[in-house]
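Presented below are the structures under discussion, each in the form of structure tokens.
Note that chain A is present in both complexes that follow, paired respectively with chain B and with chain C.
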Partner chain A sequence: MSGSATLSREQLLPSWHGWSTMLSISVADRLAHRGDFFVGTLFRFLPIVTQIFLWTAVFSAAGSGLIAGYSRNDFVAYYLLTMMARSFSSMPGLAGGIARSVRDGSVKKYLVQPVDYVGFLMAARVAHKLVYFAIAAAPFSLMFFLCRDFFPPLPEATTIAAFLATLVMSFLLGFFLEATLGMLGFWVLEVSSLIFVYMLAQYLLSGHMFPLDMLDSIELTQAGFTLGDLVQLMPFQYTAYFPCAVWLGKIEGQELAYGLLVEAIWVVVAAAACRIAFLRGTRRYSAYGG
Partner chain B sequence: MIRYLQIFGTFVAASLVRDMTFRLNFILECVTGLGWMAMNLAFYLLVFSYTPEIGAGSGWTKPPFFVFLGTGLIINAIVQAFFMPSAEEFAEMVRTGGLDTTLVKPVDAQFLLSMHRVKFSAFANGLVGVALVAWGVSKLDPAPTTAAWLLYPLLLACGVAILYGFIVMLAAATILMGRNQSLYDFWFYITNFSRYPAEIYTGPWGGPLRMVCTFVLPILLVVNVPAHTLALPIRTADVRLIIAAVVAAAVMLGLSRLTFQAAISKYRSASS
Partner chain C sequence: MISSSSPSPVIDVHGLAKHYRVADKREGIASSIRGLFHRTSRTVEALRGVSLSVDPGEFVAILGPNGAGKTTFLKLLSGIITPTTGTAEVLGHVPWQRHDDFRRRFALVMGQKNQLWWDLPAAESFRLHQVIYRLDRRRFEQTRDELVELLEVGRLIHQPVRELSLGERMKLELIAALLHEPEVLLLDEPTIGLDVVAQHSIHTFLRKVQTERGTTVLLTTHYMKDVAALCRRVVVITHGRILYDGTLAEIIDRFTTHKIVTLDFEQPPSETTIASWGEACERDGPQVRLRIDRERIAETLPRILAGQSVLDVTVEDVPLEDVIADLFRTGRETHDHASDPRGEPA
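Up next, the complex of A and B:
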């Protein structure tokens, strides 16, 4: 069976009714596990406690009020903001799920039905995030309220707008990057090792572990090109570091506008890569039997 | 006792055969573990490029801190290799009723359920831990005393025993609560507090937290006491913590035994 030949434009771009149906199905599915969601979210804040103590200890011995331009309070605020950014950009199980559906053949139902697979996955993720934020709003608000003294004064409205734009784009970028990775399942049977490499790169290079500015002290060339410069050429920073740095006022003015533009370009590139991988993948995909 | 050692030897052999049957998977698991570990190591190297010490006056400069990290890796490798795989299977056994066949076997149920599977790939990180401890110790000035070297393996064993107690109690909770899908999550969050030197927990919140994590949930004794004993000079206060670690290990083993037996007595088969 070859799927792509049967897909019309309408199937690739489903109607609003199709989108809302896919969304409501996914919301219902997610709400079935709301208890797990709530408890899981609360526990996820525990490592922040150790981070506060760790960075307090580091600063007490560092002899400087600033590390890579960040104060101790900035570090704590950064980690809290990272949790928020990652809650937008992380896509647990997406790549593995796509690869599994290719491997076990369940992807074929999306090829013969008038449903766009990427669209369905996107609707499912939007639903996942909507339910997640509806339930996680309480623990998030509590933690941000308790830690309010670590944050600088509220930024200007334009910075807040830019921050929100980076979060939305970080969701899209995270989705398309992982979906593209999952689509590789059309070519290779087992993508788990690729997912592992991606997760490792993502964790280290996105700024999830530490502000990427800390890498600016490591020079790679005599011309002053640093490890930080190299990492900032990659798309990963937009899934954690960039939104946090925007809120904390580390990226402003022209640099901020340029960053938003580059992030938007990365989203378009990742979306195109995902769509091409899906179309080419379904062209070579074959399945037999019921 | 000899009979149990023989049975455990059989488990080890069977697990080795199983791991070596799926060699690529074994190598991938080793690489995965080493990858995460290397990333953490890189993070701490980066931190030490900005500060000479973790906590002013704490003594945790780079060499002692790497002894701390290595000690943590060794203890976690032992736990992940010998106890965690069995505990992870336990939840599924309760859910499916597979526990029934285990309970009717003529061996101790806790022994069988907590030690029947060995994950050899976990030793990869343990070996790196040994290398880190060796590197850290070679840079220590003054070098560890003979007493510290003699106490170190005993305190490592105490750390493993405390974590084993936690695992068994979490597994027992599976029976009492009817669910334990997030056993590994709980484990991550509990052990998260033991990843750093106890000296970082200071101030109006840190002091009480340190007390709770030392004497109520003795998670801070697991890595801190053996690492501190080997890497930093032993003072009077440290002797008290060494005694506390030994007592905590005994208490956790006893308490986990009681909890497990209480949970088993409440077990109602899920099979037909």
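Up next, the complex of A and C:
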């Protein structure tokens, strides 16, 4: 007896009309909590201000113009760009929301209706981001304008295009990684501890806390394998460090092309993991619970 | 559409069983700590081999006490869960394969937070249904407007769902479920917690929609008013097995041994006289309610009327609730007896 769900092409790729309606309804849903959303969006800018003060203090204490090859201006520019990248790749509430829908049974409607749950979550998340950027555009612009002197000159068009590509892929990667985490709710009752571990790994290994090339000097083996090399093997860097490094011109030419390819592969791997987790999870849900 | 002259069943179920494993957790801190190292579980047999066939356009009530397996049965028919053993076909599809062709042709309403977006007006959720079920815009708007008018909820569809009452939400859930004109509608306790007016309004609505569209409806409920108002066929499930499958009239005929006779006397008779007619279940001054054996009613009633001055008399069937409660008890006793390893009455 087969309990598996088969997915048709139209389920995986809803029509444009379908996407736009899902999108507009998700936007309406986001705006239903506009007060909370507005305050949350604005206060996200606070940590960057503290980072600027922190690194100013570090540089004045160190008395040196460069730390790990970064000047104070580089650090400030890096953190501002990290904030930009994280605004694409972070998915607040996604994993917890999926796990909750499994626990309270509301996931059932996605099994009964002819709709793909992952596609639906994606449309909702795109809507979430659109509303976020609509609110955050003004403070973002102001912040970048005030900090314009920290940035190097505007990069070439190809670098800007690569940067935009990394941002889009960082959104997809962040989405699929967190959605996969949420799908674990089909197996365990509570995923909040797993989310905490993921967030911690994300914070340390994505470059959110410090530029990851600072880790290149920490050798793990005598053969010269560094902590930086280890971090390179993980997908987290593509959600923060990589886009920033591209804009700042630290990754160029063949290395850039290779980086984009690896990021694309990670997106595909994470999307496949998410799909498999969903199919296996719903099969388990069908067999044991519901 | 299936020919009405020789209808093939819309729902065809054979030997459907569903067993769950549930955690067996005792109360107390010591037990919680023990549970960290050694987990115990037990198997719950929610359904134990149910076979049922439903023809197009039937309105079937699934009755049973709490935990009887009614909701599990609807979940199996809607493909949310897979059975442990047995087969099922709904509209020619195996439900738990969840083909889109199947999912477009049926609807399930389970509770009041089912399909509608909590923070948005129902109109938005309806619009989403139009997209999900790929409904022609004009047809969708026509159906929506008809259903909204039937349930008189025009002013509610533009109000956030969270601000609506239980009854209002259920009405809008029903509309959402019917927008794609499903051929099979599965309803899990749609009138639970609703007041009499809302219940009546939902009865009228379901009856009208079902008659006009020929929808096949399966309804689980604890309210006999739902059954009396809507369903000719009744399936009683207890302990995961079908105990009875037939018409409502047959249930009353088969499972009632008494009639209730209410008499208004000019002069109240003595206790001994009353006891000679039947069992007095209520006495209020000159008014007496009696349970009289059905087979004795034809000879008892003339005897009462001949010997006493009676102002008024009514003869009723035993309330449906009581009949069903007796039936549930019978089911439990049969189950307990079957479960007893000695094969003796418990």
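List of remarks:
Just so we're on the same page, the second predicted complex is superposed on the first by the 262 of 290 C-alpha atoms of A that agree within 3 Å, B and C clash if a C-alpha of one lies under 4 Å from a C-alpha of the other, contacts with A are read in each partner's own complex, and residues count from 1 in each chain.
Simple rule for what comes next: a contact is a pair of C-beta atoms (placed from the backbone, for glycine too) under 8 Å apart; a residue touches a chain by one contact, two chains touch by 3 or more.
Note that the coordinates shown come from a computational prediction; the quantities given were computed from them, not determined experimentally.
In the superposed model, A:L230 makes contact with neither chain B nor chain C.
When both complexes are overlaid on chain A, the residue A:T56 reaches chain B alone and has no touch with chain C.
In the superposed pair of complexes, A:I48 makes contact with neither chain B nor chain C. With both structures placed on the common chain, the touch criterion links A:L204 to chain B but leaves chain C unconnected.
Looking at the shared chain after the overlay, A:Q113 reaches chain C, while chain B stays out of its contact range. Residue contacts after overlaying the shared chain place A:H17 against chain C, while chain B stays out of touching range.
Shared-chain residue A:A273: touches no atom of chain B or chain C.
With both structures placed on the common chain, the touch criterion links A:S286 to chain C but leaves chain B unconnected. Legend: residue contacts after superposition of the two complexes on their common chain; A:I25 is shown touching chain C, with no touch to chain B. Within chain A, no residue touches chain B in one complex and chain C in the other.
Interface of chain A with chain B (complex): residues 36, 39-40, 43, 46-47, 49-50, 53-54, 56-63, 67-68, 192-193, 196, 200, 203-204, 209-210, 214-215, 217-218.
Contact residues of chain B toward chain A in the complex are 28, 31-32, 35-36, 39, 42-43, 46-47, 49-58, 181-182, 185-186, 189, 192-193, 195-197, 199-203, 206, 209.
Across the interface of their complex, chain A is touched by residues 20-21, 75, 78-83, 96-100, 103-104, 107-108, 110, 113-115, 117, 119-120, 124-125, 127-128, 130-134, 160 of chain C. Residues of chain A that touch chain C in their complex: 1-6, 8, 10-11, 14-15, 17-18, 21-22, 25, 28-29, 32-33, 106, 108-109, 111-115, 283, 285-290.
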